[in-house]
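Letters are used for the chains, namely A, B and C, taken in the order the chains are written, and counting of residues starts over at 1 for each.
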Amino acid sequence: MMKRFHILMAGVAGTAALVGAGPAVAADPIGKGVVMYMQMGGNAGDGATLARQTGAAEAAAALGVDLKSQFSAWAPETMINQFKEAVAAKPNCIEIMGHPGSVAFHDLVKSAVDQGIVVTDGNSPLTDLQKDFGTKGFGYAGVDLYAGGTLTAQAMLSHGLKKGDEAVVYGVFSQAERGQSEKGLADTLEKAGLKVDRLEITQEVNSDTSLGVPVLTAYVQAHPNLKAIGTQHGGVTGILEDVLKKAGKKPGEIVVGGIDLGPATITGLKSGYVSATLDQLLYLQGFVPVVQCVMTAKYKMPGLSLNTGAGVVTPDTIGGLVDLIDKGIR
Amino acid sequence: MAKSASGSIFQRVEAVPIICVFTLILVLFMYTAPTVFLQPFIYTTFLSTLPPLVLLATGLTFVIAAGEIDLCFPAIIAFSGFVFAVLFKEYDLGWISVAAALASGIFVGFVNGVIVAKIGIPSFMATLATQFFWAGMATVLSGGKSYALRDAEGSSVWTWIVGRPFETSEAMWLAPLPLQALWTTIIVVFLWFVITRHRFGEHVLFIGDSNEVSRVVGIDVDREKIKLFTLMGFLAACAAIMLTLENKNFFGNQGQGYLLTAIASVLIGGTSIFGGRATIIGTVFGCFIIGMIEAGLVASGLTGAWVRTVQGLIFLISIIFYVYADEPQRRRAFLARFQGFGRVRSAG
Amino acid sequence: MNDVTLSTKAPTAPIFQSIVRLEAVQKFFGPVQALRDINLAIGKNEIVGLIGDNGAGKSTLIKVVTGVTPPSAGRIFVRDKPLDLGDYSVRAAHDLSIETVYQDKSLAEKQPLWRNFFVGRQITNRFGFIDIKREKEIANRILIDTIGFRGAGITVDSTIGNLSGGERQGIAIGRAMHYNADLIILDEPTAALGVAEVRKVVDFVRRIKAAGHACIYIEHNLAHVHEVADRLVVLDRGAIVSEVLPKDMSVMELTEYLIQLQHET
């Protein structure tokens, strides 16, 4: 009985050795040995984070980078603490997001860069830091926030909004740079003559958007003449179909402009409740910083700026993208 | 018959179980992520990020030992943090902003104490309600804006509270040592003496044991409860000031993330949720563990998604352990089941 | 018995009539009247048994006498001097040498013995920090000499929760004895005790009188209190309905009397 067991184990070991000794002589990927810490933003797997995770993971796999992901539920203080922990681990690169603002980050980034760590930025810009550390590899892969908001607003306006119409913009106005998105949206609508009400997203809703449903539903019901809802928060975009259904509205009654392509947003687009959503190409926001890291760490290239807010997706254009979205790419 | 008093090391030295767990986890991380945990930098980083959590958890240790709970402290971090930030930045009031922020925390804590002790609302409900109120006040007064404290390093407030006194030192690990770690250590050590050796500490333990007994042995339960919540308010304000200075920023929603982590740190450390017993040393190590998990997991290659799961697992195992450690009959029954196992096996 | 005493009061010369006297005391809890017109005087060296059915007001009466709760009306005299009722508290009662032993809330279960002995009157320095060494020393002496728990595996560090009911009563009573109280009040001390332990409690009650002090003994079990009391005060629905001398009524007659009281409106 034991003898048979031994022979079996020998066979397994032998096969494993043969397989392992196979074609091990391929060329090493460019980023081999590079360790990178990356701030993913929300919670693992949520609508505004998943495509970023996929992009980063695929870039890391292709380039051979050891990628370590951090999740902060969009809380700025957590992002700062996580940056400090990343610096203490002395990786080759760290990617941050702009939510805490340049002032909060400046000294920390400086000390990291002085230690030879490459720091780059994604999703939310830090223009001051880009100026100071661009040559050391501080790039940006994300939307030009104000312009993105403007683009979204223009798409909303093209759906038949008129001067004097009531609109609400639900966003994180309080955050220094990140608030520029909603500001762009609100300003553009105002310039077109609409009456814009600015509503602030609380931290609870920021981290757990389902908590925003009753808030918005109540708002919509309290404002029977509301013609437009705008936001630049991915999670909030996802709940808007639910909100409008609960408030008893039909698709198209209220023009909705949002951001990102989370699963609920896709349904919203297909049903017509969501009129336009800014596609910030989250995949690239994950992919490009990894590339930036390797390019600077290995080839000493400076930081590059990539505006990933190329356009909006509407109910007409969503069809072709659904498969890619399911795969977590778009 | 009473159990013998000369027990194992577990009974004679405070907080041994959690110290063992901490050491185990630390050694584990040193093995799985040696480049990070065998270097001093991650530890000096912890020294700058953990002090607020430690202060909050220490205050909570007193509160939970008294059989109460405080859910209001995250709002104090926002409210007192706001008071400090606005006075420091907009009105350039330096140390007065520190005093004002501390006073605001003491005030909020005092009000909580009065509501719980004199009006008689259970602390869970009372502090939940006040949490919403004061967090809301912070948002209303700040207009939802964040305050960036530019050039804060120049001020004496910064230098004395969160400064780096050894900045110019040659040793790379010594340079980033932050002062808030020192202040926190002093405060926590003092509070340890209070809970174990001071009259107020003893009163807290008795109140947690039984309000009735405390009254009949002559403790002014109401007054001590008010002192308790006021202390918590003070510590939360200290944490708020350290946090705001360290980040050089007041974020409108700061403090939210500390609610569950502070409570978890206290309970993991061994202080019983039923009151009557407290271990500050346990709480401090509980904070270390909670604070260390995320950095350790990420450095070891597990995605950040695992953090909450691991924290939850450690939490569960600790509290089950403490329940068994506290009730000898259940422990004996549990072990007896295993002995039965062995006997059946060998018979077959 | 040991005469290690901790109380800092000077021994008072017995020039008073009654150690405690209640005059026209009423107690209301909202609309409910718990004590009705109580006039009761306790002599300086007697054992008064307080009996009555459940809900008669015995516990409330004790709480009023010992400062746990103030009366709604009436006056209280300690050693013939009237009390300032606004100022009266448990601590004040202790200072006046009145101690209470409750059935089950004299001791904190999760705390060690030595803390239970001194809580409410800790030995502290100027800043309120407790002299733990001294407290434990004294507690140890009380344990061994006054209470008599020699070599029983109980030490000053033992947690109350690990002790049996009888041992706990012994601790609570020992505490009261240690503080050399002039009036010791026992609130149902034999409930849930075994036979041998009940005997110890009854003996202790006798010792209080033998030592020259007074005792109010609340008891559900008529046989126990009948054995030691000098007189029995019967409480019914918040009022004192009669006073009985044990030699005048047997336990059985007493029982019948109490049952009869219940049937009256």
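The definition used in the following text is that contacts are C-beta pairs under 8 Å (C-beta built on N, C-alpha and C of every residue); 3 or more make two chains touch, one makes a residue touch a chain.
On a predicted model such as this, the values are computed, not experimentally measured, just so you know.
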item	value
Chain at maximum distance from subunit C, centres defined as averaged CA atoms	A
Chain whose Cα centroid lies nearest the overall Cα centroid	B
Whole-Å gap separating subunit A and subunit B, where each centre is the average of the chain's CA atoms	33
Distance between chain centroids, defined by C-alpha means - subunit A, subunit C (Å)	71
Centroid distance [mean C-alpha coordinates] between subunit C and subunit B, Å	42
Set of subunit C residues in contact with two or more other chains	none
Two or more partner chains touched - positions in subunit B	none
Residues of subunit B that touch subunit C when the two form their complex	1-5, 193, 197-200, 202-203, 205-206, 208-210, 212-220, 272, 276-277
Footprint of subunit A on subunit B - complex, ascending	33, 35-36, 39, 41-45, 48-49, 139, 143-146, 148-150, 153, 243, 247-249, 251-254, 256-257, 294-295, 298-299, 301, 303-305, 307
Contact footprint of subunit B on subunit C as seen in their complex	66, 68, 89-91, 94, 100, 102, 105-111, 115, 119-122, 124, 127-130, 132, 152-155, 157-158, 162-164, 167
Sites on subunit A touched by subunit B in the complex	37, 40, 44-45, 66, 68-71, 73, 75-78, 80-82, 84-85, 87-90, 100-101, 103-104, 107, 173-176, 200, 202-204, 206
